[in-house]
C-alpha cells in the first residue's frame, strides 16, 4: 500500500518540476498555489487518517511506518513514520506554506526562482518531520537550511548579506555539532540510524552526556536558545515576508522538535542529569527575549525577540520532562508558528505599503488600514495569551506542567521541584513583559493620531493578503477555543515517550 | 425557568459580539445599537429568571442551606495527571446575585449608550465590545473552576482594554488602556502563580472539590513553607493579589483613574459596577479556603482599610468629576474587601461576607447611577472639570434628583441602599477590631464629604457661562436608566439580603445595630454639613483651606505621587536600565561575540590571502629564499 | 707567460661579467639594460673561448647576442616610448631583491668556497679535443653520449615556438 | 695566479645574484626577461666550467649548454610574443598592471 507520508515529499518535488515548466508569473502563482493547497489538503487528511489509525493501533509508538534500504554498508534507511507530534507539525507547516504562498503573491523580481527555493525549503521541512531515520532527518534539515541563504540574500531587505551570512553560518555551526552528535549516536547505539531501533538498543550511558549536549545545542541553535539566538533577529528582519513566516513559523520548530525527538528521547538519562543546565539557558532566553523586545523599534526585530522568548518557552517546557509540559510545548510550537507567521505576514504587508518598519515613523494605522490593524491586534492578543486564542492554551499548559510534581532532577539538584518551580515562576513573569511590548507596539503603531500624512493614501489588504491572514487567524482561534482537538492527537503519543524518559529519573 | 437556560445568557452576548464585530460595519448604526440592546434585554430577562428561580425554588435548599448548582461542566482542556480544565456554569447565591447585577447594569448601559454614543464613529464596534464584556463578565461569575475564572478574568481585562481605548485616536486613551491592561496583567501574574501553587497541592481547579473540604487542602500544603508562610497561604495571598489588581486596591489602583478616558457608560459598567468588583467576587468565591489562612484575611483587611482611606482623601482633592467618582469607587471596593477580611463565621454569623456582597450589590446600583449621571452632565457640558459646571439643578432636574439620591445612598443616609450595606460592613468591622471600626467610620464620613462636595460643585456653586449652549436633560433613552437605577437605589436597602447570600448559604436576618448605625449616620451628616457650608455658594473658603494645607492638598491632588513612583520604576528602572541593558548586552556582548568570531575568521583569511598576492615576483622571492634555506641546511649538514 | 696572459684575460672577462650584469639590472633605461646584457653575453662567450669551447662561444655569439638580443631590442622599441624610464624602485622591493640576491650569493659562495677551498680543481690540459667533427657526430649519433633525440626534440620545440610566436603575436 | 674552478664560478654566481635581484625588483616585463637571461647564462657558465674542470674528458656540459641556449632562444621568442600581445591589450608591460585575469 502506498504510504501517505511520501506525499509530503512527492507533492513539493512535483511542484518544483512544474515550476520549471512555467512561463509567466501567472502560471508560477497558479502552480505554487496548487502545490501549497494540495499539501494543506494532504496534511488535513493525514490528521484524519492518523486519528482513525490510532484508534486501531493505540499502542504503537509511530504510525505509517515504512522503511527502504538506502545505503547498506552504513545501515542507512529511508525510514518514515509519524506520531501525534509530527502530525501536528506537518499540519502547521502545511498551513504556513499555504499562507506563505499567498503572502508572497507579488514577490518581484525573479518570481519563479523565488518560488522554486521556497518550495524546496518546504520539501526539507516536511521531509524532516516525516523521517524517523537520523540520517534522512539530517539530510532534510540541510535541504531546508540552504535555500534560506539565497532567499534572504536575494529577496531580502536591509542588511541582507550580513543577515543571510550570519544566519546560515550559525545554523551551519549548529548542524556541525548535530552531525557529530548523530554519528556518535550511530556508533554508540548499535550502528543504526533508525530512531525506534535506537530507543530499543539504548545509547551507551557513558556517551549519553556528551551526545546530549551536542544534539541539544545543535538543535537549540535553530530553536534560538540563548546565547545562540542572535541569528534570529537579523535573519528575520532581513528576510522577505513569506520566508520570515516559514522560518519563524516552521524552521524554528525544527529545533524544538529535534531537541525533543533526538536529544531527549534518545538520551533520557543524560536529559535527567544535564537538563537543568539547559533549563537555566532557556529560562533566561524567555525573559531575556521579552525584555529585549521592549526597547526595539523595528517591528521585525520586536517580533524576532518575541520569538526568542516564545521559542525559549518551547525548549523550557520540553526540559520539564513530563507529559503536561511537553504537550504544552507542542501546542506552543503550533501556536507560536501560526501567530508569528501572522505577525510577519502583517508586518510584511504594512512594510510593503509604508516602506518603513520603524514604529516611531508610523502611527494611527487603524484609521488607514483597519483590516491589517485588526489582524495585528489579534496576533498581538494571541501573543500575550488572550484566552480563546492559541497562545493562552499553550502557555498555560506549559506553566501548569512545569508546576507538576515530578522526580526529575532530584538526583542532581536535591529538590528538583523547587528548582523547577522557581524557574516556572520566572518564565511565567514573561507574560507581563509580553503584554508590555505588544501593547506598546499596538498603541504606537495602530492607535493614536496618524503620524505621517502620506500614509493616508495607502490602501487596505488585497484579496490574497486577506486570504492568508484570515486562514491564520482562523487556525489560531480554532486551537484557542477547542484545544482538546490538538491535545487529542497528541495525548497517546506522549505516554510511551514520557514513560521511557521517566524510567531514568531517580 | 430552568437553570440550564443560563447558557443563553452566555452565548447570546458572545453571538452578538461575533455578529457585530464581523458584520457590524456593514449595518446601519441604529440597527446595530438596537440589535445589541434587544439581545441584552433577552439576556437580562433570562438572567433574572434564572436568578429568581434559584433564589426562590426550595429544591435548591437542603436543610435550610442553599446549595450551589453545577448546571454545565464540560472538559475544555485535558492536562496530565488527572488535571483538567472545565468550562461550565455553576450557580450559587453570589453567582446568581452577580447575574442580576451585571445584567441590570449592562442593560442600563446598553440603553443609555444609544443616546450617549449617538453619532460616534465606531458605534457598532462599541456595541460589539459591550457584548464581549458582558459575555466575559457573566462567564466569570458562573465559573465552575478557578481556571475558568482566570480565563474570563483575562477576557474582561481585554474587553476593558478595548473599551478604555475606544477613542483610539487620542493618545491619552491609548496610554490609559495600556496602563490598565498591564497593571491588571501584573496582578494576574500573581493570580496565575497562585493557581499553579494551588493546583500543585490540590490537584484540582474545581470550586466544588476545593470548597467541599478546604481545611484538609490547606493543611496538606501547610508543611511547605516559604518566608514563614505556608504554601497555601502564599497561593491564596497571590490569588488575592490578582483580585486586588482587578479591583484597583492600593498600590495597584493606578490604572482605574486613568481608565476614565473611556466613554462614560463604559466607566459605569466596567469601572464602577462590575469588572472592578471581580476581585471581591474572587475572594468571596474562595472564601471557605481563606478562612483557614487568617493571615491572608488580615492582609486583605489592612489592604482594604488603607486603600479606603487613601482613595477617600485623594477624592477630596480631585477636580475632574469622573476621577472623583473613580476614587470613590476604589474606596467603596476597599470597604467590601475590608468586610471580607474581617468576616469570621464565629463573629456574628459571618456578617462580613454578607455585608460585603450586599455592599457590592448596592454599590453597583448607585455607582452605576452616579456615572451615568456624570455622563449625562459631561454630554451636556462637554467637559470633565468641575470648573465648567455649576448651578445645573436648574437645567437638568431629573439628573439632579437622581444624582442626589445616589449621593445620599453612597453617603449612608437611611433609607437609601448604601446605608444598610455600609452599616453591616461597619458592624462586621467593629466586631473584629475597634481600631479598624473607627478607621472605617472616619472614611465613611469622608465619603459623605467628598460626594457632597461633588454634588454641590456640579449642581450649586456658581453659574458659569452657558450662553453658547444651554444644558438640559437628555433624551429618554438616557434618563430612563437614571430613573430606574435611582429607584433601585432607594429600595434596594430593604431587600432581606441575608436570606439570599451568606457565607455558607444559610439564613441571616439583617437587623440594624443602632449603636453602630447612629454614630455613622451622625458622621455622615457632619460630612454633608461641612460640604454644604463649603460648597453651596461660590466662595473662597475652600481655596483658603486648601492653601493653608498646601502640602497635603497638593499631595492629595497628585494622588500622593504613587503614579510618579510607578513611572520612575517602570520607565527609569525597567525600561531604562533593565531593557536597555539587556538590549545593549545583546547587541554588544552576545552579538559582539559572534561578530568577533566572524571577524577573527575573516581577519585570518585576509592575512593569509595577502600571501597569495598574485605577484609572481613575490612568489619567486619566497620560493628562492626557501630554496636557499634548504641549500643552507644541506650545506651545513654536509660540510 | 701563458699563465699570466690567461690570468689577465680572465680578469678582464670576470670584471666585464660582473660590472655589466650589475649594470644591466640596475640601469633605469631599459634599452641600456639590454645593451649591458649584450656585453655580458659577449663576456660569457669570451669565457667559453678561453675555456676552449670555440663552438659553444660561437653559438653563444650567434644565437644569444645575435638573435635573442635583437628580439629584445625590437620588443623594447615596440613597447616603450622614448624617455620612458623605469620609475624609482620602492625601497621595500629593493630591500627584498637585495636580500634575496645577497643571501643567494652568500649561501652559494659559502658552499663553493668551503667545498673548493681544499680540493680546488685547476685547469687541466687533459681535455679532449672539441672539434666540429666530434660535435657533429655527437649531435647526430644515437650511441651513448650522442644526442640525436634531444636534438630532434629541440628542433620540434623550435618549430612549435615559431608557430606559437606567430599565433600569439599575430594581430587580431 | 692559478686559475682554479672557483675563479670561474664566482663571477657566474654574482651574475646569478644580479639576475635574481633584477627579477624581483624590475617592473618591466622585458627587464624581467633580461634578468632571466642573466640567470640562465650564469647557469650555462656553470655547466661549461664544471665540464671543463671536473670532467675534461667528456662533453655533456657543453651539449647541455648548447641545448639550453637553443631553448632559451625559443623561450625568449615566445615570451616576447606574449609581451607584445599584452602590450596590445593593456598598453603597458608592467607586471603590476597585469591584473586582468586575477580574481
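To keep things simple, chains are lettered A, B, C and D as they appear, and every chain counts its residues starting from 1.
Everything below uses one rule, namely that a residue touches a chain if its C-beta (ideal position, glycine included) is under 8 Å from a C-beta of that chain, and two chains touch if they have at least 3 such contacts.
Note that the structure is a prediction, hence the values are computed from the model and not measured.
Taking the CA centroid of subunit B as reference, the farthest chain centroid is that of C. With centres taken as mean C-alpha coordinates, the chain found closest to the middle of all protein C-alpha atoms is A.
The geometric centre of subunit B is 104 Å away from that of subunit C, both derived from CA atoms. With centres taken as mean Cα positions, subunit D sits 98 Å from subunit B. Averaged Cα coordinates give subunit C a centre that lies 7 Å from the centre of subunit D.
The distance from the centre of subunit A to the centre of subunit B, each centre being the mean of the chain's C-alpha atoms, comes to 36 Å.
Among all residues of subunit C, those that touch two or more other chains are 93, 96-97, 100, 104, 108.
In subunit A, no residue reaches two or more other chains under the touch definition. Listed for subunit B are residues 617, 621, 624, each touching two or more other chains. In this structure, the chains touch in the following pairs: A-B, B-C, B-D, C-D.
Those residues of subunit C that touch subunit D in the shared complex are 3-4, 6-7, 10, 13-14, 17-18, 21-22, 24-25, 30, 33-34, 37, 40-41, 44, 47-48, 51-53, 55-56, 59-60, 63-64, 67-68, 71-72, 74-76, 78-80, 86-87, 89, 93-94, 96-98, 100-102, 104-105, 108-109, 112-113, 116, 120-124, 126-128, 130, 134-135, 138-139, 145, 147, 150, 154, 157-158, 160-162, 164-166, 168-169, 171. Considering their complex, residues 75-81, 83, 85, 147, 151-152, 154-155, 158, 161, 165, 168-171, 174-175, 177-178, 181-182, 185-186, 188-189, 192-193, 196-197, 199-200, 575, 578-580, 582-583, 586, 590-591, 593-594, 598 of subunit B touch subunit A. Residue ranges on subunit A touching subunit B, taken from their complex, read 166, 169-170, 226-227, 229-230, 288, 291-292, 294-296, 322-324, 327, 364, 366-367, 381, 384-388, 392-393, 396-397, 399-401, 403-405, 421, 424-425, 428-429, 431-432, 435-436, 439-440, 443, 446-449, 483-484, 487, 491. For subunit B in complex with subunit C, the touching residues are 617, 621, 624-625, 628, 631-632, 635, 639. Put simply, subunit C touches subunit B in their complex at residues 93, 96-97, 99-100, 103-104, 107-108, 110-111, 114-115.
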